[in-house]
């Protein structure tokens, strides 16, 4: 065999350069794409959370509330970040061609993400999974979230507004500085209330009272929650008591995001039987009553 | 055992953050330090080479011509660069507290280095090895270098100027655009001449003629070379013929830089016997006649 | 244009790039065109439905991930009835991986999986996280021989055997598999590993041990492929740390006829397609007419062995 | 302030951090204060002067380096006369690693190295690049037992045995070394590896095979330390991928009494000092009084084994 010599390609030698491909697909017929988005903004919302806006390929704009993307975060330190990070889509702006994420800066991936600057590439795969579903018969729904969970629940307000469904959003947080998404909910016509650890209003008893009040006033055709095991249990109890359907968005460590690897399992209870489901593909949104919590 | 809980330190989890320490030592009594320099400038000299200036700890300023530093290059692509890169010190500016390197941008390490911007940290270990030695009896020496080798030879002009020794520098290059260090040599009073592949003047025959001329005019009390096997062989031949002592700076892939690992071996011939020496510690500068070349 | 097709025994792959078992399912058709792949490789299936291991099932480490899934699945009957038809919608050959605790059951699985839409049976005798001890048949020459002999007797389908990188002498085990009638060797499964969290002193995975997956491991597995290729005649599929077209080339030079890919497809779901395209371009640029020319083409016959030779820097 | 000292048999180390053989020499005193180290560990010495392997001796790979040095050195006589005195200028105990092709010579080396300034003899029965085939005694239980028995008979010095991660069943080999009289086990040497250059189709190293060195390997070696620690009574020195104080903790939790460091000291010559300082701070912050409390303290007794338990994300 004779091999024609070829000068080395300096951009194609190593792991990351090769792995940072993407955007190769977007066939219209594919449900999911690996897209190279462009960062439009990436700002601090408070001391712990940032909000990133990406200009993306139009196919990525199919995402709806509760669906997620799998993000290939840049390295914060020059060593590789090995796995993608799952994030719920926080907002889809079809006119601008943007998708947005609200994220807590914690580990290496999210700290790397925090370093993104406008104009940077950001490789995102999605939209993935099944999101929230709104029944046409519902008039008013209650959204109850805490921490990162609020990022997942926020686009429900968008979906509800499109479907002319009223939303009451109860936002739970440690203290007033880390309440998030209120503007987004209110901007889309939702009524919001904030409950805090710092003044004791976030205690389960108090939230229960609020929920019972909403139920009594016909504001709770369905329940939605994410981000707190305590609040999940509460909504399950009240949902059962008043026969209110509900949905919960779950989290689990992921590898593939497509349903292939069985890493992202969570326990559910269906007809008294415990079973495992994949958060990435069978969820991330599940029947409130079936989730076993964590 | 009871363990007091400690919040995780987000900057201390992974490989690189931990490895990017340094500056812990500089005891005055140590010969070598691991220093965190600060980039002052990092500019292109031509299409292939950059010139970086670092503000460093005063102990790093001990470096002299032919000695090297071992550089922990940042990653060009988010995956780790595993080993340090050895580089000869190009210039030491004691007044400003600077050391400088002239380097060819090629592989991952040097491409990462090319991304450094003023104000960035740069972890350098050194000075390492034995550099060039000038005998007080010498009046005029000849420096013959090519490519990256010119970076190694350049500070000889500084050393020679301090010792009031005249320098003739023959700079060999592929074409006029990649001739380097002429300003540095000339600025310190050296006479320079350029020989090029593009006009054929770099051919061994022609360089030989030039050298013979310098020898005839008493300008060659010693020979210095780096960067070309062909030119090494030529200087060896003429050195032997005219009994002119000489020094050559050698290159080899390195791991430790301290003489411990025996990775950086080169072959030498002493009294008819072949043996191996460590470039990092026994060199990088060696007796011209003993080097076997490559 | 280079001819990318390779033969693994009686099976022809349109190109040498296939997913690794457990790192793939037909659901990836959401994001890439599965008809572009060299083969489709299903997740290892066991006879009975299995839940798999406790969570967490994955943890990041300094330079890779450890994972411990525990071969969950709905069992062979469900698999043949519902999952094989999902794969049958696509053109590339279907490789079905299977595992068991006993040799008899391995053999029975081989027979039961010999249905028309299954093209290849892959014996996963090397899963390090199937149970909590990390042991498996591929650690032992005799178990390997007996298991493959028993499977061979019960199926006419091409039979591939996935070996373990945790074995001390992979060459002997590879030869045992060949002697017992394997049609190809898949080298290798994952490295048995452990991570302990320094915040709470507990193992990071629910199953304690996990398999290490990282591009860092490529040099080890490549060495195994090289050693085995010198000693067996059947084709080898190299698996471990392939993230780019050059890695496919490197495995083929070492003696592999094809490669399997796990991690890279997790990190970049479109990676396998990119790698196939890049491999084609790589060969075309160099005037290589058939990718099979690369198999075993490492230039190792005239290695310079004189330590005192004056070698160039050599990179 | 935490007490960092640990005992390896009769030897007390002021802290559990030592360099790995071959990755260190007294010349590092140029950059760090060697008197801070837990021990000094000399490069493996052989009886005769050796040149070592052809260059290049190191190549970078995707996630680590491969190296093949080939145990160069000036032989045991020069070593005892000229190099031992260099180390004797410093306070920490001196560990001298040695290697040979034969059991008889290993035993003779043990005797000859039993000079006053040598504190420990480390039997390097696991160098993967000593010759071109990568074989060594530590791949086999019997060779290991015979070699260590023979060495034990000829020296009263503490005898440490460096094992190979390439062995399939490291626990049996560890037990053989313990039975034969080893005072401690060093786990482990490097992984036998290969890199083939895709530009010229040649092996990247002059010796073809090399040992892979990368932080990525820590989970594999940690698993080995954990498995061995459950089965032997003698102390273990864990070596492989330690780059920070938490890694020392992780190895100690798995059952190691100390660690050896290679790569991190190459990358950051001051790393060992930083790691010792950080380890001290880490213990102090958590109120740990003696670093020895960490040895084997992994919480693995009450592992959640119910797959269906509703576990938290767990990180």
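Read from first to last, the chains carry the letters A, B, C and D; within each, the first residue is number 1.
One rule holds for everything that comes next: a contact is a pair of C-beta atoms (placed from the backbone, for glycine too) under 8 Å apart; a residue touches a chain by one contact, two chains touch by 3 or more.
Computed from a prediction, not measured in an experiment: that's the story for all the values here.
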Chains shared as neighbours by chain C and chain D?
-> A, B
Chains in contact with chain A and with chain D: which ones?
-> B, C
Most distant chain from chain A, judged by the mean position of its C-alpha atoms | B
Quick one: chain A and chain B, Cα centre-to-centre, how many Å?
-> 53
What is the distance in Å between the mean C-alpha positions of chain B and chain C?
-> 46
Distance between the CA centroids of chain A and chain C (whole Å) is 34
Would you give the residues of chain D that are in contact with at least 2 other chains, written as numbers and ranges?
-> 51-52, 55-56, 59, 61-64, 201, 214-215, 243, 246, 297, 307-309, 311, 313-315
Hunt down the residues of chain A that sit against at least two other chains at once, touch-wise.
-> 3, 5-6, 13-15, 20, 79-81, 107-108, 252-253, 266, 276
With chains as vertices and touches as edges, which is it: line, ring, star, complete or other?
-> complete
Residues of chain B touching chain D in the complex | 1-6, 12-13, 15, 18-22, 24-25, 27, 30-34, 72, 79-80, 82-84, 108, 123, 125, 252-263, 265-266, 276, 281
Residues of chain A touching chain D in the complex | 3, 5-6, 8, 14-15, 80, 107, 251-253, 266-267, 274-276, 292-294
Within their complex, state which residues of chain B touch chain A.
-> 10, 13-17, 20, 74-75, 77-81, 106-108, 111
Counting only contacts in the complex, chain C reaches chain D at residues 51-56, 59, 61-64, 66, 70, 132, 134, 139, 166-169, 191-196, 198, 200-204, 206, 208-210, 212, 214-220, 222-223, 226, 241, 243, 246, 249-250, 253-254, 297-300, 303-309, 311, 313-315
Touching chain A in the complex: which residues of chain C?
-> 22-25, 27-28, 30-33, 43, 51-52, 55-65, 67, 69, 72, 214-215, 243-244, 246, 264-271, 273-274, 277-278, 285-288, 293, 297
